[in-house]
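Think of it as A, B, C, D and E in the order they're written, each chain with its own count starting at 1.
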Amino acid sequence: MNVLSLTLLGVLCSSLLTGLIIFFLKEESHRLRTWLNLLGAGLKLVLVAALLRGVYLGKTYAWSFEFLPGLPLALGADANSMLFVTLSTVLWFWTTLYAVGYLEDSPHRSRFFGFFSLCVTATTGIALSANLMTFLIFYELLTVSTYPLVVHRGTRKALQGGRVYLTYTLLGGAILLLAVAWLYSLAGPVPFKERGVIQGLMVSHRRELQWLFLLFMIGIGVKAAIAPLHGWLPRAMVAPAPVSSLLHAVAVVKAGAFGIVRIVYDVYGAENAAELGVLPPLAIAAGVTIVYGSVCALFQDELKKRLAFSTVSQVSYIVLGAAILGPLAAIGGLVHLVHQGLLKITLFFGAGNYAETLGIHRVSEMNGVGRRLPLTTAAFTVAALGMIGVPPLAGYVSKWYLSKGAVTAGDHWVTVVLAASSLLNAAYFLPILYRAWFLPPPEKWPAEHSFGRWETHWMLLAAPLVTAALVIWAGVFAESAFSPLAWVKLIAAREYGP
Amino acid sequence: MSFLDFLSALLLVPALFFFVAGTVALLRFPDLYSRLHALTKADNVGLGFAVLALMLRAENGVEVFKLALIWGLVLAASSTVCFLIGQEAVRRGLKPWTRQSP
Amino acid sequence: MPDADPRLYLLAGLALFAIGFYSLVVQTHLLRRIMALNVMGSGVFLAFLALALKAAAPMPDPVPHAMVLTGIVVAVCATGLALALADRVQALEANEETPAPEEPPSAETGSEPEDAG
Amino acid sequence: MIPQLLDGTLVLVVVALAWRALNDRDLFRGVIEFIALGLLLAMAWLRLRAPDLALAEAAVGSGLTGALILSALVRMRRREQAAAGQPAGVATGPWAKDRAKNFSRVLLGALSVAMLGTLAWAALSLPAKARGLTAEALARLPDSGVTNPVTAVLLNFRAYDTLLEIGVLLLAIVGVWALRRGEWPAADLRERPLLLSLLRWVLPLLAVGAGYLLWIGASAPGGAFQGGALLAGALVLALLSGLGRRLLRRGRLVRTGLTIGVLVFGVAGAVALGWTGGLLQYPTGQAGAWILVIEAAALVSIGLTLGLLYLGGRPGEK
Amino acid sequence: MSGLILGPLVAAALAFTFPKRGRGMAWAAAGVVGIAVLSLIRAVLGGGVQSHRVSGWGAPLGIDLRADGLAVLLLALTALIAVAVTGYAAPYLRAADSPEARHRERYFWPLLLFLWTALNALFLSRDLFNLYVALELLGFAAVALVALEGKGDALRAALRYLFVSLSASLFYLLGVALVYGQCATVDLALVAERAPRGPALTVALALMTGGLIAKAALFPLHFWLPPAHANAPAPVSALLSALVVKGAFYLLLRLWFEALPVFHTPAAARLFGMLGAAAILWGSINALTQSRLKLLIAYSTVAQLGYLFLVFPLMTGRDGRFGAWCGGLLLLGAHACAKTAMFLVAGNILRAAGHDRIRELAGIAQVLPVSAFALGLAGVSLVGLPPSGGFAGKWLLLSAGLREGQWWVAAVILVGSLLAAAYIMRVMTRAFAPAVPGTWVRPVPPIMEGTALALALVAVGMGLAGSWFVELLWLGGPWP
């Protein structure tokens, strides 16, 4: 075991160990818990930065451990995993900060932050998995560690939401397990590799591979919330706002989308998948989900539900990118993995601030919030515009690459879908912005809290501002060397290059 | 067949007779007290003859002694048990059978 | 006297086993069921010994004999345990009809003689 | 001809009695038939040339088990009468309560007959002359320390079985004691001078007899179990007459007596292990002495255990 | 090897003679057995299968002991769980200083030690008759422990259990008699050498299997298990579910794969598999409908036992053989630890709330966070979520099934896992609900919570040590 593999383990342990310690902290030791949280998150950030630099310089990171004979638990850092791990680590840091502020004075914080850390550990594990088995393990760990967060409030509604969440994800997990076991019995251990690992089976097991692809998509599609497997997502929004951010932007949905990317690119290989003819159905499913999610969002009055359906729609951009053959679409999809994360987390932070500071949960109550919470609303506005795809914000970049890729691949219908989706996005976000900025505020907010100097608690404020800044950076500096887009182009070049 | 064997077989005849008589009596006698007679008296005599018969076939003195001991034990035990049963019956007020009672 | 035919006793043993099993399942009285278990056991022992007699040269196989002796002791232990348990259960059911105080273990454990161990 | 007739009759009576014992309408009669069955089985063991077992069966299988069941029956009856206020002469049986029950009885009967048929088919397919282990056992007999092959198997060749079996005995009494408090037969010896005088000389005699059986077990039918059964009989007599009451007040002594078999056997096993490297492997040439010591301890435990099983629970004053 | 049997046996006798020293005796036995197990593991890993001829004679006249990977694994598992139960039982039994409590404590320790002796003897013995004695020892100890609860339901359950156990033993013993009649030996290895296919051994195997299935509570002979396991004292329930039923299953493995492998035909194997599948479904569905926590856990045992029997159909082929064997036994180990943890948690809940009605258990996570966490972790292993031991076991079974082309096994495993998730979720949902005032009346000593958590962690961690288990199980297993 060398320093390089230790870095990998360090990335995992920085949140795992802090999580385990936090479980056993007394409820009252607030300060220690906060420091531990931030220390873990910060340490992880540093380690990931080191990792990123290493991967950029071409170092190979690998760690493995045989937990059953011939069945290694393997971690590694390729370009693809770095994309996701960087995203989740950066966002986790800010989410932690936000959560500390958000949950001040609420009960069971040790439990909450314990599972919170476990959840991020699982996400990091998913990102760093070097083979399908390891992916599966962390994927299920994510399911389990998220459940206590969803039901954290313990209300009837929360428990119901949690039950729906577990039902969906465990069913998906079982199907995924079947798929993995089946593939292992056909192909032996399945490491992730660009252009796929199933070339040897293409001729002899064509039919099985097609079925397997379907199983994989169902199994992972649950977390990626592809319609009609999305039912859990709007119901899980009963969770506290930081959890929603986690579900939608950092961990769960992202893990699903990332999983689909992994299966298409690194297990099947895009060209093999296209050869098997399994990509068009996936693209159609993604397209349908995009439109369907947007339409549903249009009719939600509850702010978080609207955002939830928006996620359903937006995550399928990533899937769409994977499902359309060609480097351009791949770039669009992958970069949206990052962009959607930044956008959606900002939106949820905003929604959380409205709820926590003013007691606002519904769009119809949002008249004039811009005046009471100007900074929050500004961040919210940036993210909403990004979602719609207004240039030069992050969302525009992804949509542009996606449509270009679709046109190159000859799938013209995709552009129609994207256009329709953008219109719908505008239709459900612009009224919110209008209300927030241009309508007069009510006499009295539903439940107002005062946090002293700033418009709200500084931790609640810092997080959305930072993420909104990142949204602008990712869009404006998209063509620079240090942007998500640049990294994604590297990945696409490796998948599709000569 | 030696003389002793013959004698032994001869002794078994009364032994069997007394056992059969005791058994028939046990089944046919009308009440507990008379059945006790059958069990203790007839069977013990029968056993005595059987033990005698077996003694004649014994290989050494120790075996003869053991057989005698067995008979002695049975005699003592059956008389004590007979007494205890009778006593318990009397205590419970069981009336002895007489020709008058049905 | 010549040896018995082992097969005869073997079959008898199996018959006892079957009778015991049938009664165990059909009968409801606890004592009958306990006796049924004993009869089943005797059937097994009979089978064992009959098989031992098949190897009678110059004497029956002593190994099954030892096994059956072990079995007999185990059977009487089982009977003792089952009877104690059945007795508690029956006491319980009798109590449910007419509540009379029937030895909860609490009443006398403390007074068990020479407890100081 | 006559032996076959005798065997046939014996077997038929045994089977018929077994059926009667378990299915007699009168439970009391069933119990008596069950005890009789045990005695007949002892005869069957004799016909199968197993005198050791005939002894054990007569004493334990028929005598002690019968006594246990009989006393349990009496106890249950008394309680039933107290509870229901009516004589429970005929125990509730499965007789014709409803059709479903009858049907299941028929079904189970058919099943049992089918099972019997299968068993018979299998048993009759066994080779007529078995190899058995007679030859092996006799060949090793000189090294076993005893001359009675059954004792050799019990305490040397398969001594490990016996160790566990003594464990089962102890476990049984622990289990029974955990369950119930024993019931004292209320007997006042002052009213029964005859019994007292009998017991005065019979009890020591029985103890001597137990020792004799133990001793003779090395070479002839007998041994710790048969001796233990005799001791148990003596103990039951003592308990029935109330003589044993004083003994049972000494709790620790009684418990030590109950466990001494396991302890001596276990320690002997361990010592042998250290001595020869084999669990319960007695040092060469000393097997006879070791067996005697172990058997003596086992005799005490067996006798006490079986006798106290009759009490049906832990000793303790009301 | 000898210490494994003599240690707890002598300790049991001493614990009975000196009632106040019961707990000390249990710890002493734990020490002896612990050292013996560890040195045995070392010996087996270093020098392969270990054998011992008791009394120095050797089979067929004497009795042989043998410790292969399978036996050592189960011995270690038994030691682990017995130690945990010992630690848990001391505060559990001292709940109140009532005469009942003293009575229970007085008899608990010797009975526990007898149970331990019996299990160790069972796992080591190679002799069919000796195994019968060990089985009886096991059965008696288990029944007496169930009855120790003293309440009506427990006594009735114990009596039913005793009847099943005794008649099952007699079926087994009759089978042994037939084997002896045919082979003139009761040694497992010699039987395998001398076994001709024929009616006698077929029926013998059927008899023994029938008896053992009843003892292992395989559907449809599971009816005695839920009342017995649900009404026993919590540490006893743990022992019964974790180890006692597994003892019978272990013996079935020995019979079918070592003594009489010639009878392991596809048809017989399929029958086992069908029964196992039925047990999984039936047990899980019943667990879903129970209103009491301990009954739910007990039915879950019925279901989980079903998985073990899937080993039989998967062992018919060549490809999946070793995987299925390891998978089944890994599952056995994980289930033992997880189920112990669950029953101990149930004991904690009973202590804290005075009842175990699931509907009224809101707020476990709030009042007993450690217990709730343990319950959750144990649930993770039962459902088979990675990286738990349950997952590793199911994974191996699943891959074996797929490799052998036995799709129905895969389907059953997946459906069973989902049902398990459903019934675990029923409890966990209550756990996270806010506590109703007045539900939780008594505090629970930390050691009782800690023991449960430790075992749950072992169950989950077992998956990560899968390679080690597989290496151990390879030694002396039924492969050519």
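Points to keep in mind about this one:
Keep this in mind: contacts are C-beta pairs under 8 Å (C-beta built on N, C-alpha and C of every residue); 3 or more make two chains touch, one makes a residue touch a chain.
None of these values were measured; they are calculated from a predicted model.
Counting only chains that touch, the fewest steps needed to get from chain B to chain E is 2.
Where touching is counted per the definition, the chains common to chain B and chain C are D.
When chain pairs are compared by their number of contacting C-beta pairs, C-D comes first.
Relative to the C-alpha centre of chain A, the farthest chain centre belongs to B. Each chain gets a centre from its C-alpha atoms; the one nearest the centre of all protein C-alpha atoms is E. The distance from the centre of chain C to the centre of chain D, each centre being the mean of the chain's C-alpha atoms, comes to 9 Å.
Put simply, the C-alpha centre of chain A and that of chain D have 73 angstrom between them. Between chain A and chain E, the centres computed from C-alpha atoms are 42 Å apart. Averaged Cα coordinates give chain A a centre that lies 99 Å from the centre of chain B.
Residue numbers of chain E whose C-beta contacts span two or more other chains: 17, 61, 103, 129, 133, 136, 140, 143-144, 147, 174, 178, 181, 184. Across the assembly, chain B contributes no residue that touches 2 or more other chains. Every pair of chains meeting the touch criterion is listed here: A-E, B-D, C-D, C-E, D-E.
Interface of chain D with chain C (complex): residues 3-4, 7-8, 11, 14-15, 18-19, 21-23, 27, 30-31, 34, 37-38, 41, 44-45, 47-50, 52-53, 56-57, 60-61, 64-65, 68-69, 72-73, 75-76, 79-80, 82-85, 91-94, 105, 108-109, 112-113, 115-116, 119-120, 123-124, 126-134, 137-138, 149-150, 152-154, 157-158, 161-162, 165, 168-169, 171-173, 175-176, 179-181, 225, 248-253, 255, 302, 306, 309, 312-318. Of all the residues in chain C, the ones that touch chain D in their complex are 1-12, 14-23, 25-29, 31-32, 34-36, 38-39, 42, 45-47, 49-63, 65-70, 72-81, 83-88, 90-91, 94-95, 97-98, 100, 102-103, 105, 108-109, 111-115, 117.
Only residues 17-21, 61, 98-100, 102-103, 106, 129, 133, 136, 140, 143-144, 147, 150, 152, 155-156, 158-159, 162-163, 166-167, 170, 173-174, 177-178, 180-181, 184 of chain E touch chain C when the two sit together in their complex.
Per the touch definition, chain B reaches chain D in the complex via residues 73, 76-77, 79-80, 83-84, 87. The part of chain E that touches chain D in the complex is made up of residues 1-2, 5-6, 9-10, 12-14, 16-17, 52-57, 60-63, 65, 103, 107, 110-111, 114, 117, 121, 129-130, 133-134, 136-137, 140-141, 143-144, 147-148, 174, 178, 181-182, 184-185, 198-200, 202-204.
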